[in-house]
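Right, I'll just put the structure down here and ask away after.
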Amino acid sequence: MSLPDKTTPMEEAVAAISDGAVVMVGGFGVPGTPFTLIHELVRQGKRDLTVIKNDANEAGMGIDHLISAGLVRKLVVTHLGLNANAISAMNEGRMEVEFCAQGILAERIRAGGAGLQAILTDIGLDTELAAGKQVIEMDGKRLLVEPAIRADVALIHADQADPFGNLTYLATARNFNPIMAMAADRVIVEPEQIVPLGGIDPNAVETPGVFVDQVCPLVSIGEEYGVVRR
Amino acid sequence: MSLPDKTTPMEEAVAAISDGAVVMVGGFGVPGTPFTLIHELVRQGKRDLTVIKNDANEAGMGIDHLISAGLVRKLVVTHLGLNANAISAMNEGRMEVEFCAQGILAERIRAGGAGLQAILTDIGLDTELAAGKQVIEMDGKRLLVEPAIRADVALIHADQADPFGNLTYLATARNFNPIMAMAADRVIVEPEQIVPLGGIDPNAVETPGVFVDQVCPLVSIGEEYGVVRR
Amino acid sequence: MALLDDNSGGKSQDPRTRMVARAAQEIAPGMVVNLGIGLPTKVIDHLPAGFPVCLHTENGMTGIGPTLPFEDADRNLIDAGGAYVSPLPGTAYFDSAVSFALVRSGRLDLTMLGAFEVAENGDLANWKIPGKFSPGAGGAIELAQKARRVVVLTTHTDRKGNPKLLQSCTLPLTATGRVARIFTDMAVVDVTPCGFALVELIDGVTVKEVQEATGATLHLPDHDIPTF
Amino acid sequence: MALLDDNSGGKSQDPRTRMVARAAQEIAPGMVVNLGIGLPTKVIDHLPAGFPVCLHTENGMTGIGPTLPFEDADRNLIDAGGAYVSPLPGTAYFDSAVSFALVRSGRLDLTMLGAFEVAENGDLANWKIPGKFSPGAGGAIELAQKARRVVVLTTHTDRKGNPKLLQSCTLPLTATGRVARIFTDMAVVDVTPCGFALVELIDGVTVKEVQEATGATLHLPDHDIPTF
């Protein structure tokens, strides 16, 4: 037995994303954001995208390049307060925005990755985030039905990858990456480092390679991955 | 800031378990089974227990000691084919048995640990495991409501622990341990090794110590943890 | 390791071994495959060395390597059937929730399962014989319901000679309509919209013998039936 | 680090700093605590060195250590507000699903949050000002709904001098009836079954001044009101 090599040039991996695709993007603030994959998506001008991400990054960084280029039809997000461009695009109706409680977004994505259809939760039941959602009763309690979310593509930033797609993450760059890496029909990864098969301790693997479709070598870790002075 | 020490003698930790308690027990076959905690539970004669575990171990091992001593009122399990004592106790009505599909047991426990109330799934919809369960309709599809499971106590076997309760596991000894270690009001761990705070790479922690209540030093790793010749 | 000889050289005399060797050919390069407890597990011994396949075991591992003898076993490393296995370069370990996430979300290309009964509509029963033996389903319900392709390895009849391939199952079901193909110690049988179709025969077994050992009509092809 | 002086020596002249220092005393040894973005994050600077507390940040970390200056920052290690933080011996990193599992399953003893509005029944609004500023709730809904104890740090009035402590919230809610205590730059106010109760005053502020800056009745104790 041996495990296949999923190394793919980034241009080729991104080229297979369709206009109109639903795209999950890892990251929480700077750490874990797949900046290079996002740049390639902008460069190839994929449009009419639905983007699912924790936050809208900051103006001039990350998915703001997609938003500012008018490529995002809809954004599913928990917070966009740090990106004035995103707020403008929302307020002016150029981009549809769906807000989700942060942990419920995480659980809906995880449920998608776990092949579940939905979760039942009392989170947000008394808030306007519950508007329009299905409510069911269980043991006399009202609960929201929060459907699982899957995407056509997930863009993942990892620390290490092996050619089969086993992944590790560092510190708070983990965030949404491991759950999104399970919840898309095609999972594309930009790892900071590619190591040979066997180069990752099997106990240390965070995302098993079986969930990963394409491992794209990064030429360099640009400035935007760095420490931001505020 | 500093993190508290949760090291507790095993006798004391187990003494606080009540008769009638709902107890989750980690392990899948031999690996990951907390044999020493189970022995202490038998020694202290806790009775009328509801035990939640993947399997019933084999006759003469692990939770079979609880079953054979008549301490288990109800067993929630996915498979007990390797334990003739468990099958007899079930067939003779001495022990109630609730079967659950393996991955759904895992997800119900995980949902309990994640503070969700239930999951919706199509698994087992056409089988007798669906009997008596709530069915709801979502987007025209019938789905089973599988309620989250929490326990009063979880008994966990880990590889390494630090005094705060951060845990690592080895190979297939992981199985149900990480999810059960999130899903009980009191989580008791027997680690093979206790290392100082900082002795586990924070990226390698599998169960964050915040979920763990008591870390019980093991005097030795007995024969039953070993390789079984069949 | 003796079984490997059956793969590289002449055919085994043992029909069960031939069945397992034939089933191994069902695995295409690059697949992610779960081998159920019992006969299916033995398929691993019929894969050529270095064959590109990712084997999954539901107790939390992808990238299963060869089975190990008692002396070399790692006490923390078993497959779901309790066999001592080894890692490969690229193996990953994970918990039981992740293990079935993989199954339910469609990342498993193929599962091979054992059976008490298989019906001509693809129904499978393999977890409970009421009042006699109720071991529980373990992971079989999810494997049978969610793997992209489900095949069964089973003796054609039970110990008493009763057929296990039936018009409809009499035992509690594991999954409905999911079995695509059955490998037995007599034949390879496909489940089609019209019912069972005989695909291949073991050398020396006749169509009449297989039909008599089967509890439903076997549809025959209009060409010669290959043997294995 | 200048703030630490306020804790160890005389009281700061700045009411906001006094508020933050007072809030820090709400943290008991051994607690697991989440500090929300903004003023609550500053509480960390008022905890004595080595104080036994496990700080959680919802982007995936328990065991937050001191904040780091730009020069020493790790690009992969921030808190949910984007501040560069450091690990402690015993820190753990985890994904966003585990991070909120911890919150929803009751492992968080205390959360300190900011507010646009707090109502006398404990309702909280802090995520949306319709038509003006809708940053989204981030993790606030789950923190407010599920932490064992929820306290708020806020200026007593907004920039225009309008009260933020009200009979009922006018903005979209984050959670209902969950706020137990409010620390402001004028007072400490508890939410009780009877409404707001004045607990402490900042040195130099009068009961009359606080009542005038509050949009609901402040119930007074029948003893002298302590100051901080």
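Odds and ends about this structure:
Per-chain numbering from 1; labels A, B, C and D assigned in written order.
Note that in this section contacts are C-beta pairs under 8 Å (C-beta built on N, C-alpha and C of every residue); 3 or more make two chains touch, one makes a residue touch a chain.
Given the structure is predicted, the values throughout are model-derived calculations rather than measurements.
Path length between subunit C and subunit D in the touching-chain graph (shortest route): 2.
Of the two chain pairs examined here, B-D and A-D, the one linked by more C-beta pairs in contact is A-D.
If each chain is reduced to the centroid of its CA atoms, subunit A and subunit C end up 36 Å from each other. In this assembly, the C-alpha centroid of subunit B lies 30 Å from the C-alpha centroid of subunit C.
Annotation for subunit A: residues touching 2 or more other chains are 107, 114-116, 121-122, 169-171, 202-203. For subunit D, the set of residues touching two or more other chains reads 61, 87, 93-94, 97, 100-101, 103-104, 146. Listed by label, the pairs of touching chains are A-B, A-C, A-D, B-C, B-D. Partner subunit D is touched in their complex by these residues of subunit A: 28-32, 54-55, 77-82, 87, 90, 99, 101-107, 109-110, 121-124, 126-129, 169-179, 225-230.
On subunit D, the positions that touch subunit B within their shared complex are 29-30, 32, 44, 47, 50-56, 61-66, 87-94, 97-98, 100-107, 146. Listing the residues of subunit D that touch subunit A in their complex gives 57-61, 70, 73-80, 82, 84, 87, 93-97, 99-101, 103-104, 128, 133-139, 141-142, 145-146, 172-176.
Contact residues of subunit A toward subunit C in the complex are 1-4, 112-116, 162-164, 166, 182-183, 196-198, 202-203, 205, 208-211. Of all residues in subunit A, those touching subunit B in their complex are 107, 111, 114-122, 134, 136, 138-139, 141, 143, 145, 147, 168-171, 202-204.
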